[in-house]
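Below you'll find the structures, each written out as structure tokens.
What follows is chain A paired twice: with chain B in the first complex and chain C in the second.
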Partner chain A sequence: MIRSRTFQLAVPALIVMALLPLGVDGYILGLLTLAYYYAVFAMSWDLLFGFAGEVNFGPSFLIGIGAYTAALLNHYWLWPIPACLVAGAFAAVIAGAVLAVPALRLTGPYFGLVTLVAVLLLQNMIVLFAGITGGEIGLDLPDVLSIDDNTNYYYALVFMTVSGAILFGLAQSPVGLILQASGQNATEAAALGFNVAKHKLAAFCISAFFSGLAGAMLIFYMGTASVGTVVDIAVGVNVIIAAVLGGRRTIIGAALGAIFLIGAGEILRPLGQLATFVVSAVALVVILFFPGGFMGRILQSGGRE
Partner chain B sequence: MLALQILIDGFAISSLYALGATGFTLIFGVSGVLNLSHGAIMVVAAVIAWWVAGTFGAGAYLGALAGVAAALACAFFTYSVIVRPIQNSGAIPKEEKEIFVLTGTLLWGIMLQEAVAYLFTDNPKTVRPLVDGVVMILGVRTPWNEILTAALSWGAIGLLYLLVNRTRTGKSLLAASMNPRGLTLLGFEMSNIYVLVWAIYGILAGIAGVLLGAFLGVSSANAGTLTASAFSIVVLGGLGSVSGSLIAAYVVGYLETMTAYLVSPSIRTVPVLLLLVLVVYLRPQGLLGRR
Partner chain C sequence: MSALLEVSGLTKRFGGLVAVKDIGFTINAGEILGLIGPNGSGKSTVMKCIMGIERPNAGSVKLSGIDVAGWPTHRIARQGVGIVFQHSHPLQRQTILEHIKLALLPDNLLMLATDHGVTRRAEEIAARVGLSAVMHRLPRTLPFADLRRLELAKAIARNPKVVLVDEPFAGLTSGEVADFSNLIASFRAEGHAVLLVDHNVKGVAALVDRVLAMYLGEYVAEGSAEEVMRNETVRRVYLGGKIETAVRPEREGKDRTPLLNVRGLGVLYGKATALEDVSIHVGEGEFVSVVGLNGAGKTTLFNAVSGLVPHSGTVEWRGQTLAGKTPGGIARDGIVQCPETRELFGDMSVRENLDLGGQHQTVEDATKQLNWLFDLFPILKSRQNQAARTLSGGEQQMLAIARALMMKPKLLILDEPTLGLAPVILEQLSKALETLRQTTDITVLLGEQNVTFALPHADRVYVIEHSRIVWEGDPGRFAEEAGAGYL
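So, the complex of A and B:
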């Protein structure tokens, strides 16, 4: 069973990750904390792409809406963090539903463009209303999750594990199968009596929920919300690369890809400007030669695709 | 006076957009590929032209030629190393080839962009224009270069039109965009057609890049914006429709210029984005697209 194999790999990995703070310094923990939030971004994206078959070029639209909603509420009205997180997640769900409307009517490149435009518009709006949103510089937050590296690390780890488990469980459930069917052949899935529109809408809302929540958590970890960290196209590109690199349609692979991407970026930091070049080149090689990604490779060597 | 200024500047910018988008839509029409490294290839052309003309002192013409050659080389590389292997790969399911081509060309575009930034820094570079001097058109100071930009863009588009509609090779391109299988049955080798279309694309993108570099200046950081604007124009005009792209290029060019002059340069792209969302919702096939 693919499921048991994934579990066999995931459980020891999680145990190692949970024990890491005992032996690793704060800097690396901080890096991993960031990577875990990215992992949630990538897993939510994989639910949409791998299962619902929707190419969302703008994951950072959902992330950004969640993050900025939380940031504005915290900055101006001093809402407590949990309330901001909930508000951010729900704002993202609404944004996801708005994004889903064209997705139900458009296909392929058209939908891709709408999502791309959504990000560009959001970015323009934030910069345009810089007086309120802080613009390019960002919006500082009065509250942070914690100032302790270990606590932050565990927040992120638990958040990633729970989100990952829910998304993975959903993907393996009958709902996931219906999504997969409607992604591959919507007409046939509808002919079999499944409500394609309803399932896709649900996929969008779930993906948006986790993206928005992760975006909001990320800014409370960083203590500031800025375009460069949660809205920029580059953020979305990284999320997509992470998900494809890790192996699409595996959910867990997306998390693996995100951790790899952040780690590789850090290891290659001495290369300076060339780091992005090398990371992109590695990702390109993986896509060209191992289209199943890391997770596809691991699962395949176990005898199953 | 201001209206005339907008009219002239808008025309030059729109011609450039039209040229850039023509190649992009040609590739999509013939081989169904959306090349997300488009902007980066234009940047490479401009920066190589600037480098050869400036550092080597080879002169503006030789520089422009080198820029176009560089774009051609990049286009070939994009096709043979990234697009073709993905399209021929047996390991990638058919319905996912599109996202793989998109991701692959996107990564390749980032690599080109980073390479340019590393080798030549990401400062904006202005390519030496082919002609100097200004001319007064009804009281508006217009650089000759701006007129040349529009003329060369239209010259290149005109040549492409003649090629596609008047020559046998060109007609095979047109046929490939309509019915690839029929063309194969008639004994045409599709791979030859793809190589040809990528060669045409490389030249068009190269010319557009060099002209853009001479007109506005180009930095490696522009690559993403250039791709996004070509993508928007092509979708606005209707994917695969060249005449649609030409019209859309003028809509976008004038809308941007008017916003920049009349409202504020900082929101230059916003009306275009809104228009795009509106068009995609109301008429997803674009202005002149077929469904």
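So, the complex of A and C:
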């Protein structure tokens, strides 16, 4: 069974991750902290792409809304971090729903295009109102999660583990099954009596919630909110590559992909500009030849017949 | 008995095409109605309108008295309509049992776990349709018939008042047909109303209580299977009225050289047999018609000849095997197919479509051929600059044939040129084909389910049924020898 197999892989991996601060320096921990937030972005995205069958080209729209909502509240009104996080997550859900309700009526590639345009709009708004948002320079935050590497690392690890468990459990539940059926053949799902639009919208809201929350967490880790880290198209592209690389329709694979992507980028840093090229090339090869991604391969080789 | 399903005045238009026109019928509880019609007759559209997959333009669909016409599909499904699709699109990572469980789930966002009763119920249903032994396997490891069983299982799980079944026996062996007949009959025994949609009466005669025949979107006849088979209009639609055959002027070399020789051809689509041991030959200058219902294997046969689908057996062209040739190479050798779907370049003009067909010719040759084709299909000349997409169905078909002829084929394969065309267009097309046949020495292989259209031009006829050639002979003998089996 996929469930038990995934647990067999995930539990030892999580134990190793939890023990890492004992033997690894702060720089690498910082890198992994970033990777874990990306993992949540990618897992949220996989719920939409892998299960609901909708390609969201603008994951950074949801991430950015969550991050900037939290940042503005903290910067101008000095809201405490937990309140900012909650507000950020719910702002992302509301923005996501506003976007998804009309967009889900569209078929084919148009849903994806709408989400792409949404990112550009958000980015433009932030730059346009630079006086309030800090524009391209970014917005400093009075509060940070912690100044201790280990604490930050554990925040991210716990957050990723809990988010992953919820998203994975949801995907494996009956609701996840209905969502998959809706994504793969909407007509057939409707003929079985399922309101396809309702299920897809719910998936979009859940995806938005975790994306927004992770975005807000990320800026409180970094101490600053900037377009380049949470809104830019490139952020979204990385999230998408991570999820596809890790394995569509697996949730956990998306986390794996995100950690790989950020890890590989760092290991290849000595190559300078070439590093991005090599990582992209690897991603391309995996997508072309192993469209199931890392987890797809693992689950398939030992899968049930 | 009370009418569970009551359809009246149902009309559906797609743009200018009226696919369904004023269709009405009722089905009582515990009754099976067969909805019969040739390809393009609108029967599938009727089914989609009932299920809400298509929105009817007019008419009502009453379910136990409640008009559900125009409702979204999921609400109609919950109101008590279930559908057994012809094609199965299962989820790849879920087992058969999980698929059945899915059909048992309520439409609820908070269903995070299923109780044990659901699993037990799913197992019962699996047993009922004969899937017990394979219920923990993944769909892709199962044969075609089991996937059809899964579709039935999903319909049973919803326990609908009205069950719509699309082409229940397509692609099944005779043993499997018997199994499926029993399962569908069990729907009737339990008091469901069943609508069977199929191409011909014969296939479902044993199962149905009544039959409604449609042609070109309109009502033709209703009654018991025997009555409908005896009906004059039905006979004309399927067999053609009085079949007139025209003798073609004898030509030298005709019949002597076998231009195309197909032996022992077999094709599998995944697990479904599409063609089995088919042998045909076409002589130089001959006009051969392959007659068969939709799904019999005509298109597959032509695609195998054109090198578009992998096959077993041999295809010889002028004495040489075509094995290993690409579809493009085969077309350049002179076998040109004009496919059922027409495959026109919709956004290009009529002229551009024709010029593309003449790409491999010299400019003079292409111009000469073009002028000849404009004589054959004058309408295309006046529509030269119009986008192909904006032509009517009949004009598009003429353009598709003309484009194929631009390639100066040795053998022209015409796949269902009459699909979805009105009778008046058929006549124009028929005249053009006759001109072609009388004035050129072109060799034609025509696939048709419309016998009236296929026979008059043919020198020789093959009948294909359930993936096999079952009759070969002179068009004059068709009606008495093969006609009966064709209703």
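Observations on the model:
In the analysis below, the second predicted complex is superposed on the first by the 301 of 305 C-alpha atoms of A that agree within 3 Å, B and C clash if a C-alpha of one lies under 4 Å from a C-alpha of the other, contacts with A are read in each partner's own complex, and residues count from 1 in each chain.
Everything below uses one rule, namely that contacts are C-beta pairs under 8 Å (C-beta built on N, C-alpha and C of every residue); 3 or more make two chains touch, one makes a residue touch a chain.
The structure displayed is predicted, hence computed values, not measured ones.
When chain A is checked against chain B and against chain C, the one touching more of its residues turns out to be B.
In the superposition on chain A, contact of A:151 is made with neither chain B nor chain C. Once chain A of one complex is fitted onto chain A of the other, the partner contacts of A:184 extend to both chain B and chain C. Of the two partner chains, chain C is the only one that A:199 touches; chain B does not reach it. Once the two complexes are overlaid on the shared chain, A:291 sits against chain B while remaining clear of chain C.
When both complexes are overlaid on chain A, the residue A:8 reaches neither chain B nor chain C. Annotation: chain A residues 184 touch chain B in one complex and chain C in the other. Note for the complex: chain A touches chain C at residues 2, 169-170, 173-175, 177-178, 180-181, 184-185, 187-196, 198-199, 202, 249, 303-305.
Chain C makes touch with chain A in their complex at residues 51-53, 72-74, 77-78, 82-83, 85, 89, 91, 93-95, 98, 101-103, 105, 107-114, 136-138, 141, 154, 158.
Interface of chain B with chain A (complex): residues 34, 82, 85-86, 89, 91-92, 95-96, 98-100, 102-104, 106-108, 110-111, 114-115, 117-118, 224, 228, 231-232, 235, 239, 266-267, 269-270, 273-274, 276-277, 280-281, 284. Within the complex formed with chain B, the residues of chain A that make contact are 49, 53, 55, 102, 105-106, 108-110, 112-114, 116-118, 120-121, 124, 127-128, 184, 233, 237, 240-241, 244, 248, 273-274, 276-277, 280-281, 283-284, 287-288, 291-292.
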